[in-house]
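One chain, subunit A, links the two complexes that follow: it is found with subunit B in the first and with subunit C in the second.
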Partner chain A sequence: MTEDHRITLQGESIAVSPGETILDAAARAGVEIPTLCHDPRLEPAGACRTCLVEIDGWRRLAPACATVAHPGMIVTTENARIDRHRRSLLALYATDHPADRAASEMGAPDQLLAMTERYDAPTDWGTMPPCREGRPDDRNPYIHYEPDTCILCARCTRYCAEVEGVSAITLAGRGSQTTISTVDRLSLLDTTCELCGGCVDVCPTGAMTEKLPLVREQKPERELEKIRTTCNYCGVGCQLDLNVDPEANDGRGAVVKVTSPEPGTTTNDGNLCVKGRFAYDFIDHPDRLTVPLIRGADGALHEASWDDALEAAARGLLGVKARHGPDALGFVSSSRCTVEENYLVQKLARAVFGTNNVHQCAAT
Partner chain B sequence: MPPAIIQVESTGQWQRRSVGNDNAPRVPEILQRSGGLRAGVSREVARATGMPEAEVYGVGSFYHLLARPNAEIRVCTGLSCALAGAPRVLVAATQAGLAAEPCSCLAGCDVAPAVLRDRTVIPAVTVADVERAGPDASRLGSDSLGDDQRWLGTIGPERGDPEQLALHLGGAKDLAARAYQRSLALGPEGTIAEIEASGLQGRGGAGFPAHIKWSAVRRQAGTTRYVVLNADEGEPGTFKDREVLMRRPDLVVEGLAIAARALGAEDVYLYLRGEFEIPWRSLEQAIAAFEETRVFDGLRFHFHAGHGAYICGEETALLEALEGRRGMPRLKPPFPVEVGLWGKPTLIHNVETIACVPAILNRGGAWFKNLGRGEAGSKLYCVSGHVTHPGTYELPLGVTLDELVEAAGGYVGTLKAFSPGGASSGFLPASERRRSLGFEALAEAGSMLGSAGVVVLNDTVDMRWAAMQQLRFFEDESCGQCAPCRIGTRYLRVSLERHIDGERAGHSAPALDKVSEAAWQMNEGSICGLGQVAPLPLTTALEHFPEDFAT
Partner chain C sequence: MAGLVTTFGAGAMTNSIGEIRDADFLFVIGSNTSEAHPIIAMEMKRAVRRGATLVVADPRAIWMTTIAAKHLQLRPGTDVWLLNALAHVIVTEGLMDQRFIDEHTDGFDAVARTLAAYPPEEAERVTGVPAEDIRWVARRYARTERAGIYYTLGITEHSHGTDNVYCLSNLVLMTGHLGTPSAGMNPLRGQNNVQGANDAGASPVFFPGYQRVDDDEVRRKYEHAWGTSLPSEPGLNLNVMMKRVGRQIRGLFVMGEDIVISEPNVLRLEQALNENEFLIVQDAFATTTMQFADVVLPAAVFAEKEGVFTNSERRVQRVRKAVEPPGHARPDWRILIDLARTCGADWRYAEPADIYDELARHAPRFAGIAHARIDQEVHDGMTGIQWPCGDASDPGTKFLHEGGILRGKGLFQPVEYRPSQELPDETYGLVLSTGRTLYHYNAATQTRRERGLVAKQPEAFVEIHPRDAQRRGVSDGDLVEIQTRRGSIRTRAILSRQVRLGCIWTPLHFAEARANVLTNDVGDPITDTAEYKVCAAEVIRVAEGSETELFPGSYYRA
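Let's look at the complex of A and B:
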């Protein structure tokens, strides 16, 4: 940012970086511009039209998300014309969208409905019957597409192509019939989809939504508590938010779903994989080991203390070493461990037991 | 491969740009050769081309000729064809056992109703024609046209004075390329100066001064430039480009060659709508004839077919289609003169615009300018609907409706309303019959000359019905990319339907009181011109014919 890179934004002079969009400059300056199709991870589309602003000397309103803030630009984000634009645009959206908040927010919060309230847009323009085709028979276990709630902002299809490089979904059809589809309307399981769930994460209206909480009739996301944690499926260390229903499990609480942190706030930039996003059921699974077990003389496993379990393991390992030598031992660590934990495993193998037989399951 | 995104230095705008070039696989054409979007085809095409299979499917599903491969015939249901009995033809075809579907304007409004079989238009098809052919689509032909099924319409003046006509549709083809030689002698600057002196305005709809585009392309730093012919004629009521391509393809080819030489382009792309198989052959023959003379050596002409999408007449949607993607208009600026085909500076002209160029070079810009009244040049006016001889008439730019219809043999019945420039221009009342049909004069009346597709309606027409035909068209042809157009076109159609149904059912008809605000939003918020003008048929009908909406 230099002094000669300045624009006037809603009457205030602000510095901008070369190449910065009006939207980004406004965000830094704390000036609110609504968006639906914008995502900082994606190239701008300018399709939802909510972010249109007025630029002096331009006849038409311009999308703030896709217009670079040029030095000297005079940009207006609030005036009668823009207010009328936002309200009439949102009124049109409302004719093509479920109005009942409870019904349309079974999953994630609906940013369109929130925006309609925020800008006090008319909702008395009538409604039209649903017209977009979905894939209700898609047998994939995780991702549900609700076409009636979809606003065709194409964040999901662009995310799938631009961030994941997968391109399993596409805008399909044309005009008012435009929908989100897979090739030949196949199940996601029969496509290149990796079930990362990024489409669910980026959807501003909850049209792309997670199946399990819906099927299990869990509380909608807005009634859940978010707890930031590190994914423990691999060593990358993705941050994710456990969505907890505190009343479930007789008050012990239960993880109902996993969502992404805001893009730009964590090292994984909000991106998750199928395991991190959808494979959280192990937490309360009855087969899950929650205490150490030692096999007794009777052949059965018995609960034990950590001290006893470690003692039993050490005794067994030292016994093998004594009878067969250190190279009879091998240590295999898990990719779910951190770098530090993996370091300690090789230290244990080499320094304590005297063998170089050490491996980690993600090493090959 | 998803399009890369570049930032244009000069304007700082973001712009989608494909990484490809003309050697990249063209998905729409491969889908066409594969018989359209049948189950499994997308996957095969994806394997063969390396494109993601969902993207192949997304592209195919955008274009009606690919997306609906099972239709044996398609019947145009545009306003002029509907007036001429297209709905009855459609019903008769279905009853005869044909897989028949309605379709948008086929540029055959003067020989209505027009029917499409594969990619060939059969003009002037009657219910009797359909009944005679029976369930065998290949036997379908127009009895009234006899052996001459070349899809030529009426033109006027048939043997006009070449001194008064820039295009002279009735004249003989001219392969001497004198204008091209003169352009070479003048050099690029001299040629562009002649275009500027002529006052030539784009004749595809916008009326934008041609020389500004030429100068802008010439000014670009990049040395790879392209010239593109926009022959995606599809505005309901418009069929002049078809006549130019059929009768004077020589003018089109020579005009393109002049532009390419003046702008330093070596590759010329010809984008013809998919339904223009017959005009395609005519243009191909003209290029072959010129090739024998080797006069345009060093220029390469590339043919590309559309696949059934009106929006691809919008120049940036056309570029997307040429690059093999869904025909969704780009954000502007930047304009194609800066960032066009494959990101290169590109001149895009409508067929009629480019066909004016040879006469301008031959006779001088001043001569061309003086042909018009107020604005420059002679102009092809298409007239259809309730007139005696629907057809294409070359008249001074700025004639009145009365003068045009006089050339077309007079009105049928009593004039009630007319569309001066296709569906996009809305409707004007009979009281405007003496207004100049020029770009400026019509803009002053809240309408536009557009593509000069004039549709005349007499007092037998209910303007609610007429508006409904146009609203259906825009809803079908919206690309669906931006919300104001995608939702708005449907909202207006549904509102009008509810209004009419309510009246029929004997209730008080639901008011159309949100229409004007929805129209304002569509005009303000839409990305491209389609959404911006799509409300006009309804808003102008409400404005000028309130009695038709009274309940």
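Let's look at the complex of A and C:
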């Protein structure tokens, strides 16, 4: 950024990097420009037209997300003309969108509705008849497409092509019947889709949404508690938000959804894979062990109290040590458990039992 | 891990995941990245979209090869030949970074002498990779500044796994692709906390922070800290421990692993467990190993406890409790404290943060890291702190070896090719490799309890080349038996040109078709990591397959 690389934004002179868009420059300068189809991980599309700004000497308004900030530009982000455009645009979107928040927010929060309210756009311009086709018979268990809520910003299809790189979903049809679909309207299970759920995550209106929360009729996302944690599958260490209904399971709480953090704030840049986003039902699975067990004289495992089980465990390990020495014991630690737990296992082996026979399960 | 500690002085990704997108050359070897590390694969896809050159070396035509500039489809187990030939080209064509070699490394001359015997034409004969491709890749890799190597278990799970790592280190050292952004040597870790478990000293050789147990000074430090005398001889590593169960090993404590699914040659292990005197299994789920247990302790899962995991790029990140564990299940850390106390030890920790503080106090690499810092601080726009982190004001380390290699000088290691321990013969005519798929995870304790994953991939399978299948009278979808010297399993055949002629591949996730009944437990001479990736096998048709499509839409179809 040099002195020659400056633009004037809402009357303020700001520095810009070569090739930077007006939207990115404004974000750095703390000037907010509303967007729906924009995502920092995707190539600019300029599809939704909510980010239109006025540039001195340009006859038409220009999309901030797709316009490079050339030195010397004088850019206006808020004035009567832009406001008039934005309110009209949002009013037009509203004719093609459920006005009822409950209907549109079965899944994720609806950014379009929020924007309509924020800019006080008219919502009485009538209603278009539903004209887009969905795929209600898609038997995939995770991802649902609600055509009536869609505004065709194509964030989902672009994410699928540009970030996940599988191009399973695409814009299909033409004119007012354009919709998000797959080749031959196949179920996602029969396409290249890897069920990463990125389409759900990037959707600004909740048209791409998770199936299970709909089926389970759970609370909308807005009413859930989000706990930021680290994914427990592979070694990338994706950050994710466990969405918890604290009243479920008689107050024990239940993880009912997983969402990803804002792009650019964590290692995973807002992305998750199928396991990270959807494979959490094991937490409440009936096959979980819930009671300590001790093998009895009859050869079967029997339920026991913690005190008895710990006593039996200690007696067993100390007995082997007494009979055969400390190095007759082996401790298998787990790369699935926390750093603290691995620390305690090696300390247990070394300091309590006197052996270095301790190794984690995935050492290579 | 041992290999990297020897050559560079730290066993971890040298660089960060976020740097991948800015790389200009990516050499991916022995890593099915889009299935085993999908999010890292997204970063690689982004680099390729930007114009980076991707080279994939793998016996299978994995998804990443569809966007690769070159696919080096080597014969399983011939990695040393391939990598030495790449180095041979770099040395004979004078593409080394001589200044880096002079200033930062030891032992180059010995390696250069060894490499003379590995010309690309000969490599083509052994590995099946065209000599011209080897030259092309070697030249590109050496001449590109932001050139990174990424590998996983396809490199390490061999009887010559450490040799493979040495060969890769040699490439990095001779080209000086170290200590700079978007380059280096990057092992991608398979489990959430492989790195953290190593870091924490769950190792027969190291106390926390890679401090050796046979270093008297280090041991005295821990004896003082823990108030007890400690053993000075390194212990048994996992593969050896498992082989000695029932003989030298008479009592086992197993936390969070289903050993009779995940360890190699499991039938022998099962017999040995019957001879074992005492087994504790501490797990969240009823596992197959539980049938041998004397005591079972029910544990919490990650969503039910506090702590940290350390990812592949050395980033220490928080695990936070979201819900209560079911029934009487307890977090592992709580159980371990209770067990130690029942054994007479006076352990006092109120919460995991106290445990971490004790770890950091005696391990210089983590000295500056604490739960509170991770909760509060953001560095470079990201949460989590990357070790090394020396004190509370240290923001952590994005990439290693900047301005000098951690161990002082990078150590070249000459490596001669040794064939895999068990190669095909008249009885067992195929090479079997095992691995992971996108939709399941390890013993699939979690993922097979998840509807979508099961819908995508309901059952075990073996990929076999159509010509190998034809010779054995096997059609697509047939039920077949895979046999090795150690055992046999039944599974579904998928005819696929993704595997090389003469090679078969099966996933490790399925309890009813345990791949590790088949695998060879012969270990690498240094790490004893088992040879999961190469053994001799045969396939026999058992019955005709049903008409149902097994994996509709999968790119694995022939």
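Keep in mind that, in the parts below, the second predicted complex is superposed on the first by the 292 of 364 C-alpha atoms of A that agree within 3 Å, B and C clash if a C-alpha of one lies under 4 Å from a C-alpha of the other, contacts with A are read in each partner's own complex, and residues count from 1 in each chain.
Methods note: a contact is a pair of C-beta atoms (placed from the backbone, for glycine too) under 8 Å apart; a residue touches a chain by one contact, two chains touch by 3 or more.
The model shown is predicted, which means the values in this text are computed figures rather than measured ones.
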First, second, both or neither for A:Thr265, with subunit B first and subunit C second: second
Partner chain(s) touched by A:Ala99 [first = subunit B, second = subunit C, both, neither]: neither
Touched partner set for A:Leu52, first subunit B, second subunit C, both or neither: first
Partner chain in contact with A:Arg84 - subunit B first, subunit C second, else both or neither: first
Touching partner for A:Arg228 - first (subunit B), second (subunit C), both, neither: second
First, second, both or neither for A:Ala66, with subunit B first and subunit C second: first
Which superposed partner A:Glu162 touches (first subunit B, second subunit C, both, neither): both
Touched partner set for A:Glu340, first subunit B, second subunit C, both or neither: second
Of subunit B and subunit C, the chain that contacts the larger number of subunit A residues: C
Contacts of A:Thr191 with subunit B and subunit C, given as first, second, both or neither: both
On subunit A, positions contacted by subunit B and by subunit C: 162, 191-192
Contact footprint of subunit A on subunit B as seen in their complex: 2, 5, 7, 11-14, 16, 39-40, 42-43, 46, 52-58, 61-62, 64, 67, 309, 326, 331, 475-484, 486-491, 494-495, 498, 510, 514, 517-518, 520-521, 524-527
Contacting residues of subunit A [partner subunit B, same complex]: 19, 21, 43-44, 46-49, 52, 60-61, 63, 66-68, 70, 81, 84-85, 88-89, 91-93, 95-96, 125-126, 128, 131, 151-152, 157-158, 161-162, 166-178, 181-184, 191-192
Complex interface listing, subunit A residues touching subunit C: 139-142, 162-165, 186, 189-196, 225, 227-239, 242, 244, 249, 252-255, 264-269, 271-276, 278-285, 287-295, 301, 306, 309-314, 316-321, 323-324, 326-364
